[in-house]
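Heads up, there are several structures right after this.
What follows is chain A paired twice: with chain B in the first complex and chain C in the second.
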Partner chain A sequence: MQAEVTPAPKPKADQSAAISRQRAKGYNLHAGDKYYAFAFLGPSLLVLGTFVFYPMLRTLYLSLFLTDNVGRPTVFVGLKNYIGLLTSSAYQASLQATAIYVIAVVALTLILGLLLAQLAAKKLAGIQWFRTIFSATMGVSVSVAAIFWLFIFSPSIGLFDQIGSFLHLPIVAWLTQPGPAMTAVVISTVWMNLGFTFLILFGALQMVPQSLYEVSAIEGASESYQFFHVTIPMISPTLFFTSTVTLIGAFKSFGLIDLMTAGGPNNATNLLVYRVYQDAFLSGNYGLASAESVILAVIIALFTLLQFKFLEKRVTY
Partner chain B sequence: MSIELNALGKAYTADEWVLQNVTAHIESGEFFAIVGPSGCGKSTLLRMIAGLIPISTGELQIDGKVATDLPPKDRQLTMVFQSYALFPFLSVTDNVAFGLKARKFPAKEIEERVTKAIKLVNLEEFKDRRPRDLSGGQRQRVALARAIASDAKVCLMDEPLSNLDAQLRIKMRTELRNLQQELGLTVIYVTHDQVEAMTMADHIMVLHDHKIQQIGTPLDIYNRPANTFVASFFGTPRMNLLPARVTADRELTLADTLKLALPKPVPVADYIVGIRPTSLYLVPQGKGDPNAQVKTVEYLGAQILLEAELSDGTPIELTADPDDVYRTGDWLSVGIDGNAYVFDHAGEVQFMVEGGRQHASRSHASAQA
Partner chain C sequence: MMLTKTHKTLRYLVLVIMAIIIIGPFILGFWTSLLPTADIAKGALFSTHISLQNYVDAVQQTAIMRYLLNSFVISLLTMAAQLLFCSLGAYAFVFLSFKGRDFLFYVILATMMLPFEAEVIPNFVTVRQLNLLNHYAVMVIPFLTSAFGIFMLRQSFRQIPPELKEAADVEGLNHWQFYWRVTLPYARISLFTLAAYSFLESWNQYLWPMLTTFSDKFRPVQDGLRQLQSQETFNNWGMIQASAVIVVIPTLIVLFVGQHYFKDGLNEGATK
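And now, the complex of A and B:
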């Protein structure tokens, strides 16, 4: 903030001092301005305060307590919720499942999204059709997608097992065995993510000037060389953006898990978010669920920070 | 390396030819300009030579070998784009080294070539900068350096100077030309700017209407235009094209106003006569009949450009001494004292009338019938 201007020692400097005094005033709010500022900020402060800041603080507070089954704090337990969680083998298994799920979802979403975007960027007859289809999952709701995937994964009569039996492969009980169940939710989540990721990456690909590819072709770069040395660097800001958004989204996946496996079988798909839901709303263990939320938030923040720290260096705007 | 274009053609659909029957021979070490108005197919032709778009008909030879269907990387050429096509995420050095790295040259050779190329275009102090931190002229040089580093003996240039401001463009013309001479490069240079072509090229190909109009040295093109298009496209101010009729055994009357004596009789037909503004002169006042009225006066510094109307209403441009004063509405007496080009009604050149001063005399349309 600009400090008060010292009075000019000589009359000659009076004028400039007056000007800078006037300027300095510009940085200070008049009494009336303050009201305006609050009037403009008020609505968003109110909304954010009610729905973001207060719940955050309340979660932090609750994570230090045991609660009754409607969420009122009863006994202060300090960090015991956290310690209990981090030493529980079930929670560790959940952490592990989440890690596998997130890594698989982010990697597959980006790779497949980029592949589809590359395909859709080709100038072929009827490509417009495919562009629409590729981005169509954006318009599908989670519940519809879950039902649709449940059918595909259903044992014996489902599409996957039909194809499998046609090829004389053993029948897989997709949603009732731990490994296949994780595979199934990963596939469904990636499918749901693809529309958005495709659209964003496709847009980015369209923005790469054609002349860069032309000059590369003339200078002797192969298609794959062009992909890694022209395309990837040119769309790196978008890749960074989609990877961050997908990562955060994967940590927060709830709908598909709830509708397809409900965390099962044998907690194989019991991701961190789903645990929070189970502990809070099914078991009424709000203190524990709050602690889990806080841990999840910290993990997401940490990963996002790491992403910014390491990936952004490679991004060229 | 010489290049041979043998009846090249390009069509996107069966009966929509973008280019037809383009035949030319480009000598090794030659600066060859392809000139034409926008949409004439000049960039298409360049891209066909580069291999960026397939050739529909005809044959392309590079260095005596058929290259019609070779992929771009095997044509041993390099290209400079109007947009420069620099990689925004690479430094100047890495941009210049891009092709060499893609072709997996040994690191030592890459470094040598890149250093040499950057030195040639005077960019040593900027070698670690990214393109966005360079001025337009510097970016242009980076694109040039990349072309030089590749060591290809043929360089295709697609309007490389169009994005530069006027002063820099003129400076770069000389630089480009010097560089081309120094390295013995064969350059095929596409431009819409006839001055660029005239000042830089050894030979010029004029493209218009999907076809070659003329190929020749700048002097040829200027002094012996093959048709009305070439005649009016080259030279500033533009050549006047006036309708002409045979009015006597060895005489044409232009726009029912100016008489042109012919060295030989011509068949009676409609002609078009081209006269450059510099080939017209003004008869001192009182000596000739006034036959043109001034419409606009443009001071160009060394001369004045007058846009006038002949007495039958045909517009005509001529140059005048900047010391004289002309006003809109003034009546002038215009005569021919330079070369005149006689074209047939289809615009093909028939012959040239060598300049000799002939006094103009007014002739009325009604005088002849």
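And now, the complex of A and C:
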């Protein structure tokens, strides 16, 4: 999430340093450090090796096999799991649902987050209260958010249906119809995301030099002109950072889906991660689920790479 | 900037509307947690039969307090472990010289791209073989360290002036001493950020505990709420809402108390 990127301290051009010492990144590094390195880095490498590297390779390996019901590979099938997935209409529907969900969540989170940040950046009496409220959903965990929204969307007693019937609108079966169910999980996710997004964007707005606004105001720029030509360009690195974090988070959404719709109705909200869980742990189809994991990992890795590339570029100016 | 009176009123109007949207689900959740379930089931949300009975029921009839305790234990252990192991690892990448250092660092950096969700299948098999299922350990051991934490602290350690290290070398401080007396105090803001981040990450874990814990004795709170919700489906809304409120209050308090630190830490991360 955090990505502090600072240029490395430049090594001074001090050629007279002792030969036995290697001068890198400005610190004296000793040849005898390797025992320390073992002690300092050993625990982390052991944990990452066991729970990150090994499972990554193992998932890749399993994705080429059929497996028994406890996840041991039985028959080598090559790329058949992948081909089967990419040609199945159910998986394509899942990809499509994930794309819709992710795009909607990212777009709404950013737009609303920016609106909140912009509103809270103005100096008005009592603005501190609004800032606190706007960041509040950062303290909400996924189960709590799901329960609050389940009630709001619940049939007939829920808030939306009560308002609807009061206004004599047709009753919407929020969580049992495909379209409304997707809308409901998107709304809930966006709500949950807003606290964090607000805090980050608000912080970025605070750092835009006031003089830029003053100068452009003298030149007669309207508030909306300032927003698009001063604010947005100035905070674009943070906007990009926030959108990547939100995007990756959306690809990994599991808890809300599990609690609110369990992938239904009719697989309308059966997103990629949820499908991995269903195929592996409910159907015992570990080979197929591994192939799904690999596809998911590749998609997320691509977006993360994009973010790294971007941050790298930023350091140079 | 001068704002006209109507302009100002309009701005407050938008602020209030947004505040209501954000805070609405909290208020509705809290309000219904005070109502008898019978009234909620009738849709009588303006009922005046307010009481704390749902809270009494939640505490007495469900394991909600145990779930909270479990989550605190798991999250605190994970946080402490990550502070220790991530800082040690980051130290090695900044102050120690060994073969393959840069390569190793890039490998660790690369793992940040891999979602844990895509690796649950082999990890589940691993913890089953290690006999860790249904215990605190299963929710702590895979998260003792994190690539993200190592990365973040490395960036922060690199800002320590080389002169400090040189002075420490002259003083004869060894690496343990320099790590403990200079590096950690110097990077305390980043350590605080990592502490908050790792605690919340662990607190919000959902999929992993759902797969690996089967009893109330070890079940953390996210999974506990799921359990309550599925057992009580639509029967006892009042008690479910009360449980959700019990769960959300500690994190809200932490958020409001720590808000200053959060803001500083997050902005440091996002904009530097």
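Criterion: the second predicted complex is superposed on the first by the 269 of 317 C-alpha atoms of A that agree within 3 Å, B and C clash if a C-alpha of one lies under 4 Å from a C-alpha of the other, contacts with A are read in each partner's own complex, and residues count from 1 in each chain.
Keep in mind that, in the parts below, a residue touches a chain if its C-beta (ideal position, glycine included) is under 8 Å from a C-beta of that chain, and two chains touch if they have at least 3 such contacts.
Computed from a prediction, not measured in an experiment: that's the story for all the values here.
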item	value
Partners on chain A (chain B, chain C) - clash or fit	fit
Touched partner set for A:A217, first chain B, second chain C, both or neither	both
Partner chain(s) touched by A:F40 [first = chain B, second = chain C, both, neither]	second
Which superposed partner A:T137 touches (first chain B, second chain C, both, neither)	second
First, second, both or neither for A:Q96, with chain B first and chain C second	neither
First (chain B), second (chain C), both or neither touched by A:S88	neither
Comparing the two partners chain B and chain C, which touches a greater set of residues in chain A	C
First, second, both or neither for A:G255, with chain B first and chain C second	second
After superposition on chain A, the shortest CA separation from chain B to chain C (Å)	5
Shared chain A surface residues [contacts with chain B and with chain C]	217
Residue ranges of chain A touching chain C (in the complex, touch as defined)	1-6, 8-9, 22, 24-31, 33-34, 36-37, 39-41, 43-45, 47-48, 50-56, 58-59, 62, 70-71, 115-116, 119-120, 122, 124, 127, 130, 132-152, 154, 156-157, 159, 162, 191, 194, 199-200, 203-204, 206-207, 213, 217, 237-238, 241-242, 248, 251-252, 254-255, 258-259, 273, 276-277, 280-281, 286, 289-290, 293-294, 296-297, 300-301, 304-305, 308
Contact footprint of chain A on chain B as seen in their complex	50-52, 71-73, 75, 77-79, 81, 83, 85, 87-89, 98-99, 102-103, 146, 150
Chain B partner contacts - residues on chain A that touch it in the complex	209, 211-212, 214-222, 225, 229-230, 233-234, 236, 316
Chain C residues within the chain A interface of the complex	1, 8, 11-12, 14-15, 18-19, 22-23, 25-26, 28-29, 32, 40-43, 45, 85-86, 88-89, 91-99, 101, 104, 108-109, 111-115, 117-126, 141-142, 144-145, 147-148, 150-152, 155-156, 158-159, 161-162, 165-166, 169, 175, 179, 190, 193, 197, 203-204, 206-207, 210-211, 221-223, 225-226, 229, 234, 237, 240-241, 243-244, 247-248, 251-252, 254-256, 259, 262-263, 265-272
